[in-house]
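I've put the structures underneath this note.
Presented sequentially are two complexes of chain A, the first with chain B as partner and the second with chain C.
And then the complex of A and B:
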């Protein structure tokens, strides 16, 4: 990302907050006080800051998942599906296995989640790579299938029979350690950060990363220099799905303690938008994910103060992302040097 | 099985497919100009809310449809300006607009209609059904041909109107030429920017009608997130029909049929989740099958051409 991009993102945030502020003002509240409550809610005390961290973890992982798929120029909208299936797999291993020490049980659950999510992502990947079936369409559709599959499993074969649609609780040896109680923050946070570091290193400092990036940048050239772009695309999608699966596994192992029907409510969609506003720059992803996490967890604090529900915060987030996706919305060309060239993402829709 | 597959299925298939049909039309027409309009979900949701609110406050379903169209066009224009003027990625804008629509309608539902979750009232004037007294004598005839909602007729008429405009008029030719090769269209003197805006406005009108149908025809209420993926199913139906409205309609009818059969199978104790996922699986299978066959044909053609040469 260039300097202009950073400033554009900053201005997008300010513009969205400004418009939100006007609405809050019209509703009869003091916008500055409301935003003050928002940031207090996101940072104050164990509960506030812990909730922000708990929301940050899946946002970071799903944003990375989406980023890695766009690196190989595939648009994986199906991270949500991988997240659900990964969560289900982790829950299954979590309550199914007993008498295993935590050192083995926790990694096993994570691997199960990653495998389930990754394999699921290979379906649209194979259709895209070998038959050119539009992956945006198939992944959107397969998300519904994944959610229905997990909903079926949690209601019938794997039901806890407790009346509510959830699996039995996972055993203690499979749980991630919580901290900053009573918030839901857990050691999954460190797993997510570690995965970010590993992914960054892999993408920019290994040949595998070079192959992936080269495939996305120019498949014809890659093939010429001896890279198999089809294989790289499949690999990228597997990693993408696996990250989504791990995000789901961490939600189960760290936050809920079991698989809950329909628990996600669009986590991966938000992650995808985080990746989109980061304009293909992996280093910005944690920053943006953290910012979105602040807004989301702070919404509760603001709700206590203003009686405005969290839909206003969702609207502000949506406006911010909308502004951030527009290029040159704030006409910075004259102020900060010559015309800039955009090097952002390409969708499958731009043929 | 005879309890499931009977004549009433036809009527409910049409009912269930109509909202998807409007979404399919709205994104078929933009896809012809190479705009993948995933924002149709958001267009429909905002339109659905506007329709209910207008009908509730004015007591007129005609005004409600009009307001829904205006709302649909407004949202479509947001997408159009972001994508065409500010070069925002169409997919990102579409998904963001869906998120914005969800938040805005939820906010308005709380603060204008003072309802949470869903809003329903005696004062909502729905779009009327078309009833022909002469047909209501026989139960079978009545179910097959009578008592359709006005919008269900309009939807079917619009398929052919859209098809005609796309394939038989200069307007359609220009739109399709943008989709085929934007540079060539530009060179041929077509005002690509204007054409894209016009197409997006039409898409907003169609999505607006779909939203109005959803909240004033299909149901008589507004529910938060009531589109619930219907816009995406419209996108899928568009891919199914390869941008052709008539073929896309077949996809919509398939969705509608599975939906109707599914709700009846539920009564037989089959888990609803297993039924609900069928339309999505079938669409993926059909999409794949269409493209696999197309690829086979292409390679066959290439090999025969190579043989002749």
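And then the complex of A and C:
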């Protein structure tokens, strides 16, 4: 990613905020005041900043999940499904096991979540790699399957039988520590950040990372130098699903304390957008995830103080994504120019 | 200044991201001449002509066409001014017929419908006048490259071109087709049209040109009448020093067979058994050249041996071990190295840096990594050494390989393949589209490899290269070997016959 790309992303943010401001103005509010409330909502006090951090965690993890799949050139739209199954697996281990110390219970829940999410992602991966089935179709469809499976489990075999569609609460030994109360911020944040660091290191400093990146960049070349692209694609998809599963597990262990039917409401889709606007640069992902988390958690504050509906934030997020993905919009003039650069100077017969 | 001059480019400058492609470039063209523009790859020949044709805009400079001066061109204007260009990669719609391709974009109309009869008539006059034999009704996908090139030429003539720019037109042709092309170019010249012939094959340039302009590193070097220069002089002008491209032939004893291919059948993308029963033996310390027109199974042969393509029948034996249909990594471990034909796809990972490309076949081995963790320092040092040894430019281990010229990228590939343990090297089209300086380095690598007692299977569509390097020459035609000759028995004519299917079997 070049320096210009960073500037383009920044310009996209400003343009989206500007157009959002116009909409807010038309609706009869002061845009600056509304944005002020938004940033206050996202940063002020334990609740404000804590909520931002709580939203940041799953966004970061699901964005990384999507990123690793695109690294092996698979478009995993199924992170949401992995997230649900990972959450369910973690909840199950969380309430099913008792009398285990936290140092064992917490990792067990995370591993269960990762395994469930990862194995689930292997289904579309295998279909793509061995039968050439388009992974976008299969992952979208499998999301419904995954969500419905968890819905069935939470309503029947694993129901808390309390009348609401949720599992029994997980034991204390499986819970992540919350901080900045009364917000939902929890130590899952540090797990997510640690995973980001590990993933970055893995991609750029290990032979496994080399194989994954090589496979995604050029499978024909990879095959030629003796890498098995099929195996690497499967591996990449497993990691992708596992990260989604961990994101779901952290939601259960740190935020809800149990599996709630339909709890996610598109977390992974937002994560996918974070990965997309980061344009394949893993270093940008935390920044973009944090930005989206600010908008999402600040929207609540804005709504509270200005009676402006928080759907405007969804609109601004959508606008921002639109701008950020329109790569040519802010094409900064480079020293070299594209294939054609008309100087506008014309002489001779043009006159 | 000659009165006939119809195009004059002067003071042209063009900067690309990493290189100054054209540095004070200069070129002029007279009516009714064939003017060759020569230079190494990356010398700026194509860029210069693409500026004239309006594909690139120069940063500064003046282009005079007739009496008008232009700062920049665009393709539309160029076509209106009668300039036509046949690019290295043909720009034809494969699914359409030849006639449809020619008139595409400037169709004669009858009412709202295309007047095919009129179009056909007009196109046929061109093919008659200049000896451009084409079949108007065939789909482009079904015609051979030589014919596709003639279609491209007619396409430009149909658009009223008086000036034809041909970018390395002979690179894809057989010797016989080249002779035919030259007849066409001479007919065009007789008719008063001007031709710019971009090439780096000096013997062709000497045959066809009236005048020759040499470029080097983006700079204009000199323009000369053909009569006033010789091939060695031109080569020296192109490279800036004396060059030696041939290899020392050694009369050597045929000793141990390292690689033998036994009656193999190999499919291509489109057909079963593209290769039908090829058998070959390659011995230690020899270069076996595979000559043949592109697309007769060369690629399939190389890929079958290296494990990238399925072998339907037959056996491939390397060092006494059957390796057919094993995975590429195992075949590499068994002692095979491979410089692939498709440099940009197979040969390198364009989004990776030079060093990442260099270690692609050994990153998982010590000392470049241990326990799965890359040793970046070792990799950096190794890459720096290789860059120095093979004079790869720019000399920066971290630069993305996509920024390298074809020749330098190919040097990276060669360096990777000949470093480390191997017994057989397959070199497929190793110098295609590569500048003279790099050709010299790469050919030296091949002969040194042979002199170290390794076996080299050289696959090349460039007959001169096959003749210059090989100890024995096998000719491939439609998936079969039509003959195997000793280097001293091989002549252009014999090979040309074998390449078009005449079978002359000679004893090994």
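One rule holds in what follows: the second predicted complex is superposed on the first by the 332 of 351 C-alpha atoms of A that agree within 3 Å, B and C clash if a C-alpha of one lies under 4 Å from a C-alpha of the other, contacts with A are read in each partner's own complex, and residues count from 1 in each chain.
Just so we're on the same page, a residue touches a chain if its C-beta (ideal position, glycine included) is under 8 Å from a C-beta of that chain, and two chains touch if they have at least 3 such contacts.
Quantities reported herein were computed from a predicted structural model and do not represent experimental measurements.
Asker: Contacts for A:214 in the overlay, against chain B (first) and chain C (second): which applies, first, second, both or neither?
Answerer: second
Asker: After lining up the shared chain so the two structures overlap, which partner does A:194 touch, if you call chain B first and chain C second: first, second, both or neither?
Answerer: After superposition on chain A, A:194 lies in contact with neither partner.
Asker: Based on the superposed arrangement, let me know which partner A:181 touches: chain B (first), chain C (second), both, or neither?
Answerer: neither
Asker: Now for A:10: first (chain B), second (chain C), both, or neither, which partner does it touch?
Answerer: A:10: touches no partner chain.
Asker: With both structures placed on chain A, which of the two partners, chain B or chain C, ends up touching more residues of chain A?
Answerer: Greater contact footprint in residues on chain A: B.
Asker: Give one of first, second, both or neither to describe whether A:272 is in contact with chain B, with chain C, with both, or with none.
Answerer: The first partner, chain B, only.
Asker: A:33 in the overlay: touching chain B, chain C, both, or neither? Say first, second, both or neither.
Answerer: Neither: A:33 stays clear of chain B and chain C.
Asker: Take the contacts of chain A with chain B and those with chain C, and give the residues found in both.
Answerer: 342, 345, 347-350
Asker: Which residues, counting only chain B, touch chain A once they are in their complex?
Answerer: Result: residues 34-36, 38, 78, 82, 86-93, 95-97, 99-100, 102-104, 106-107, 110-111, 229, 232, 235-236, 239, 271, 273-274, 276-277, 280-281, 283-284, 287-288, 291-292, 295 of chain B touch chain A.
Asker: Which positions of chain C touch chain A when the two form their complex?
Answerer: 15-17, 55-57, 64, 67-72, 74, 306, 308, 327-329, 332, 338, 340, 342, 345-352, 356, 360-361, 363-364, 369, 372-374, 376
Asker: Which of the residues in chain A come into contact with chain B in the complex?
Answerer: 27, 75, 127, 131-134, 136-138, 140-142, 144-145, 148-149, 151-152, 155-156, 269, 272-273, 276-277, 309, 311-312, 314-315, 317-319, 321-322, 325-329, 342, 344-345, 347-351
Asker: Taking the touch rule as given, give the residues of chain A at its contact with chain C in the complex, in rising order.
Answerer: Checking each residue of chain A against chain C gives 205-210, 213-214, 217-218, 220-228, 335-337, 339-343, 345-350.
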